[in-house]
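Per-chain numbering from 1; labels A, B, C and D assigned in written order.
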Amino acid sequence: MLAALGAALAVQAADIDMEGLPDTGLDTSAWVTGENPPIDDMIDANDFQFAAKNKLNGRRYAYYRTAALDETTYERNMHDWEKVRMNGFAFQDVSNLNRKTKILGHEFDSPFFIAPAAKAGYTDSSEAERNLVRAAGDSKVLYVPSISASLSIEEIAGAKSDNQIMFHQEYIWENRTQLQDELDRMKSNGFRAVFLTVDNTGVSGVRTRYDRYRTSSESTHAADNSIEALNEIRQMTDLPIVPKGVKTAHDVKLCADLGFPAVYISNHGGRQVDMGVTAIEVLLDLHRDYPEVFGQIEIYADGGVRHASHMLTLISLGVTAVGVGRPFYFANIYGQDGISKLIDIFNTELDSTMRLMGEDNIKSYRGNSTFVSSHQHPRTS
Amino acid sequence: MLAALGAALAVQAADIDMEGLPDTGLDTSAWVTGENPPIDDMIDANDFQFAAKNKLNGRRYAYYRTAALDETTYERNMHDWEKVRMNGFAFQDVSNLNRKTKILGHEFDSPFFIAPAAKAGYTDSSEAERNLVRAAGDSKVLYVPSISASLSIEEIAGAKSDNQIMFHQEYIWENRTQLQDELDRMKSNGFRAVFLTVDNTGVSGVRTRYDRYRTSSESTHAADNSIEALNEIRQMTDLPIVPKGVKTAHDVKLCADLGFPAVYISNHGGRQVDMGVTAIEVLLDLHRDYPEVFGQIEIYADGGVRHASHMLTLISLGVTAVGVGRPFYFANIYGQDGISKLIDIFNTELDSTMRLMGEDNIKSYRGNSTFVSSHQHPRTS
Amino acid sequence: MLAALGAALAVQAADIDMEGLPDTGLDTSAWVTGENPPIDDMIDANDFQFAAKNKLNGRRYAYYRTAALDETTYERNMHDWEKVRMNGFAFQDVSNLNRKTKILGHEFDSPFFIAPAAKAGYTDSSEAERNLVRAAGDSKVLYVPSISASLSIEEIAGAKSDNQIMFHQEYIWENRTQLQDELDRMKSNGFRAVFLTVDNTGVSGVRTRYDRYRTSSESTHAADNSIEALNEIRQMTDLPIVPKGVKTAHDVKLCADLGFPAVYISNHGGRQVDMGVTAIEVLLDLHRDYPEVFGQIEIYADGGVRHASHMLTLISLGVTAVGVGRPFYFANIYGQDGISKLIDIFNTELDSTMRLMGEDNIKSYRGNSTFVSSHQHPRTS
Amino acid sequence: MLAALGAALAVQAADIDMEGLPDTGLDTSAWVTGENPPIDDMIDANDFQFAAKNKLNGRRYAYYRTAALDETTYERNMHDWEKVRMNGFAFQDVSNLNRKTKILGHEFDSPFFIAPAAKAGYTDSSEAERNLVRAAGDSKVLYVPSISASLSIEEIAGAKSDNQIMFHQEYIWENRTQLQDELDRMKSNGFRAVFLTVDNTGVSGVRTRYDRYRTSSESTHAADNSIEALNEIRQMTDLPIVPKGVKTAHDVKLCADLGFPAVYISNHGGRQVDMGVTAIEVLLDLHRDYPEVFGQIEIYADGGVRHASHMLTLISLGVTAVGVGRPFYFANIYGQDGISKLIDIFNTELDSTMRLMGEDNIKSYRGNSTFVSSHQHPRTS
């Protein structure tokens, strides 16, 4: 009897709190805490999150996973998809699949990109961001490293394959000398555009989950992000600048009017303002208040994207390319193989969903709201 | 103390995850994992799901149970009923119960049919689909076997009783020789109509739950389901063809205009497009956008139907006959007895609910929205 | 260590599944399964349900607790209150509390009544319904025994105190001799009105939870409840007849037009039509479609009433008196003391809530929707 | 094996029921029941609630935590924030942070105040409310002690620092001699205003959770709170009087018209009327029905405020200062250090959120609904 009892408890001990994410049948009972689960267990993006939670210590997992305050924005990112319904059509020829996507004039094989996030070295201390560069290059997917990466601008650039196109993320540092230096190095190291984060205004969000582990946090970001300050920064480089972290329709329109080539709608993964809005909400506001912007400017967006269905939703609402952040950084516990596998999963999901929706060309989704309509549709638990 | 402790744990060990389905008091504590529970424990359709989950290994259960990606469409199928309210009337004579239903001109004793689903042999390897044929024949219910059945067209036809009417499901194979051959054999084996699945456009949905068990999946379905392709297929047989897997009001109208005798609204049990719509939503869209179709064409529908109340909802919204899939395939763990019992349960529920609603003739429900009104009505957990 | 372990498990073993009812801090850890918990633990109506669940065997508890099919109607009864918001006013004189209520011309001390329900003998086999009669008489509350009571019409009447007013429930039996006999005996035993159940049209709801315990169920109710049949029944007695089990605004209006003195909106505790409507919904429909009925006829209502706040909601929407069913039958595990305690709890809640709402006279609530407005207000879990 | 087993159970035993509050990663596994957890574990307001729950016995915790009946109002207070979305702006200069707030003409360093609540002596029997006075004084935050405090008016006043401004709460006692005496002592002890509770009309709410511990409750509050009675009270002191416990837009407007300098919207932490409204709902009603009041009168509000995001929501809807009750009384288990830490947490959250919203001056939020729009936004569980 004690053996049976021990067995029952052992299963319980191995359980991972899945944080309310959809149950898709993942069996973690054979996983060993602190080790990488078999990569063959990884079937969708959420699986990589559970694997990283199993592998990493609490502090490291919290570093990636944390969000602001009550994590209301984070939860909205993860669950607002449940309010969307997608409309598919049956009587179509879908034999000419095409998901090639131009971003700022550069063609990639997929309409998603690896969004900037800090410290890939926390999952792979030796190769760090190099895994992401190489996997992205192999699959012709855009990767946009963070200026808070574990590796330097030069080290990341050094891992590029021939002809691989990358952009680079940058913060608005209070220290403009540092800012000028980094912008110059991005240019000289071959990065083709800068995603300039505009939502760290002298401070970061209060990230409770991670704050439980740290003792201090100081900001070196500028608090003055006024249009005047922004215009000065635009003089510092001739690389295209894409404001990242815009969170209202008003600011999207402002970016269009200021002549930026693109704008990146993001709530920073729910890590800045709590009780904030999601990309879907901003896009719906744009359709209502400033529909002309879709013809003026390229729009990127991220937040809670875990499936091709999420990507197609955002693209149908007018987005050109969709960012995916945390899942790739979780996948890096497997190194380059993990990144490549997740890219393949997304591509497979895209190919399947596009065909099943009755439209096989990604270009035909862009801004075509026939394929999606927002609808209050709460999932029952 | 240890004995009490062991007993407490034993109960826990025997528990079945009921996946958020309604708690109706089923006690599984005496069930033995891997065996059929007593058939007397089966009181409603969901009970058969729990019984199959108890009996089958994980792979087999997942084969039937799986849905696409995050299973959002599947969950909507199961729970959208909570948004519907039914209006019943008290001062009526309900002593002349009648649930006889004509489908494509053939009369059956019930307004529901056994929807096509693959591999009944996974629950009963010797009799497989023969159980469904025989039970359907005994109860004068329509059964529509799948072309992916465990048994051949001929074997299934061989189990028919005299005068039993059956239709057959078919896929649009890339290989038209195979398609022609199968259509010919359906005709020569006495099937009276073809449910032609139009939502497997060269690919199946990414069914994560089941993909955890399989290593490869290749599609032999055609990717060109254009109207031209469809018109060619219509020349291949003189059996009535009913497009199955239509998922927008637009496509229902198109089927009516193309002169099909009927159309089958289905999201394929949530196994194709995730974040898709339910039959209720398509029907409400039809009432708003194309109300004339209800006079042009017979409409069938399925998705999450587990009770007479669900059937009457769909029928009141304009459906002629309602498909039930997974529950019958779960019930097949008990063979023909299971199928017959589930048919009886549905008939008993229909008789009771129709009388309590104050209308005892199924014909009077069809398209009569007095009996039902959609209403945002989330169940609290 | 094993002792601590056993203790932890013992607590778990004593836990009662509270079925999603509000957590108000009830501690059941000291309760002994199969015995009455201390009556001092009973602080509100739901407590009595948990106590009965602890005391009764599964079959007996299910007999009272069961509802139809997926229990969607039952759940709506219990939780639709979460969609209502009550408006209270501060600057009032509430020193003259008055909850006296006239029902069919008879004055009672409270605006609620004990609704008919079968078999009080299942909780107290010797005194059965006598406990309810006596407690109701002591508190000057209306009790309406069921014709399916454990005791006969005569036995119940025999427990009455002097001047106690009671009505009696009756079914429409197929056997009209039985019906005539019972109506006559109700009259001769001093009952002042008949609550005539009109929602058992030759059949009862499929009550899955209880059906797990029983082997057969036969109905002796008439299936013809047409207006003609009803008019014949009205000739069988000169007692006032109140149709019970009306579930649409249409039928409330019909009862008013047919000249009944009152009508009783009820979905039979969710035991008949699943996916049905609640009293709140019928009342809101009445305000929209037939507002004149509130001046034509007295309206009673029940369904999920567990608190004074629920009573005041229904009364503000136009109801004269509110029925409470299951809680009193659960309370009968304590006999007359339990019934009296629950009456006192409701009266105390009424006195407190009326004063806090700024209106101390129950008459001023009736039909005054200033005090309540329906509002989609789902409780988060 | 038994060791592992014991360890697993030990964790379970140490778990605290977090009552559906947001999971922000708090690890309680090392906490010792009945003792203060390390104050370094306190990262946000909810943490103090869990700490108090761990420290206090059931009766004491219930005393603070209880609410009325089913606690529907309490739950709405805690969760209605999930329906709000905040709009932040990116291109701003936020380098001049200013959260100074004038309340009745007195300037404080924060836009929140410590709301009145009884018996701080239940968490610290020696210092009781003195901790709150001192911490509030150190941080230049308004504290409004309750007349039901553990300490007397004089003892509380005695703990004040030089120049510290405090108001005092008062009830409308049936005994007007007591009322006059207390008002006089508030004046003579230097309190600058009276928060007069107007929602205890001769009775308190039925607070089920706490009623499980107590045997009697008698009210000494007046039941006549009519305007006439109120006007008499206004003659009893020349201190500014602020009605506290107003719960409809109608009564806010009434207070403005009666010439009060301010009004305090509160449902008393959900402890009075169950199924009541939240401050957000009253404010939205005001914007619709009486928008002029925002120019007539200062408005304070409380209920479920646990974060800077909640404060900014209420302020953007027109509130001048926001009350926080229970969290400070829970924090008092740590004495003055606990109160000071919670004030610092709120200030840090305010500084961060204001900057991230793109507006660094608290004055610019007041009544500026650009920053917030109510939106049905249920959190998925």
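Here is the rule we use: a contact is a pair of C-beta atoms (placed from the backbone, for glycine too) under 8 Å apart; a residue touches a chain by one contact, two chains touch by 3 or more.
The model shown is predicted, which means the values in this text are computed figures rather than measured ones.
A.B. asks: Quick check on the contact network: minimum steps from chain B to chain D?
C.D. replies: 2
A.B. asks: What angle, rounded to the nearest 5°, describes the rotation that places the Cα atoms of chain A on chain B?
C.D. replies: Best-fit rotation on C-alpha atoms: 90 degrees.
A.B. asks: If I list every residue number at the interface of chain B and chain C, are over half of them used by both copies, so same, or under half, so different?
C.D. replies: Mostly different residues.
A.B. asks: What whole-Å value do you get for the distance between chain A and chain B if each is reduced to the mean of its CA atoms?
C.D. replies: Inter-chain centre distance comes to 38 Å.
A.B. asks: Roughly how far is chain A from chain D, going centre to centre by Cα mean, in whole Å?
C.D. replies: Between these chains, centre-to-centre, one finds 38 Å.
A.B. asks: When the C-alpha atoms of chain A and chain C are each averaged to a single point, how far apart are the two points in Å?
C.D. replies: Centre separation, chain A to chain C: 54 Å.
A.B. asks: Residues touching two or more other chains, restricted to chain A: which are they?
C.D. replies: Expected reply: 2, 5, 9, 82, 376, 378-379, 381.
A.B. asks: Line, ring, star, complete or other: which describes how these chains touch one another?
C.D. replies: Contact pattern: a closed ring, each chain touching exactly two others.
A.B. asks: Strictly by the criterion at the top, what is the full list of touching chain pairs?
C.D. replies: A-B, A-D, B-C, C-D
A.B. asks: Which residues of chain A touch chain D in the complex?
C.D. replies: For this pair, the touching residues of chain A are 2, 5-6, 9-10, 12-13, 19-20, 58, 62, 66, 69-72, 75-76, 79, 82, 198-199, 201-206, 208-212, 223-227, 229-230, 243, 245-248, 250-251, 254, 272-277, 281, 376, 378-379, 381.
A.B. asks: Under the definition above, what is the set of chain A residues touching chain B in their complex?
C.D. replies: So the residues of chain A touching chain B come out as 1-2, 4-5, 8-9, 22-27, 41, 43-44, 81-82, 84-95, 306-309, 313, 348-349, 351-353, 355-358, 360, 376-381.
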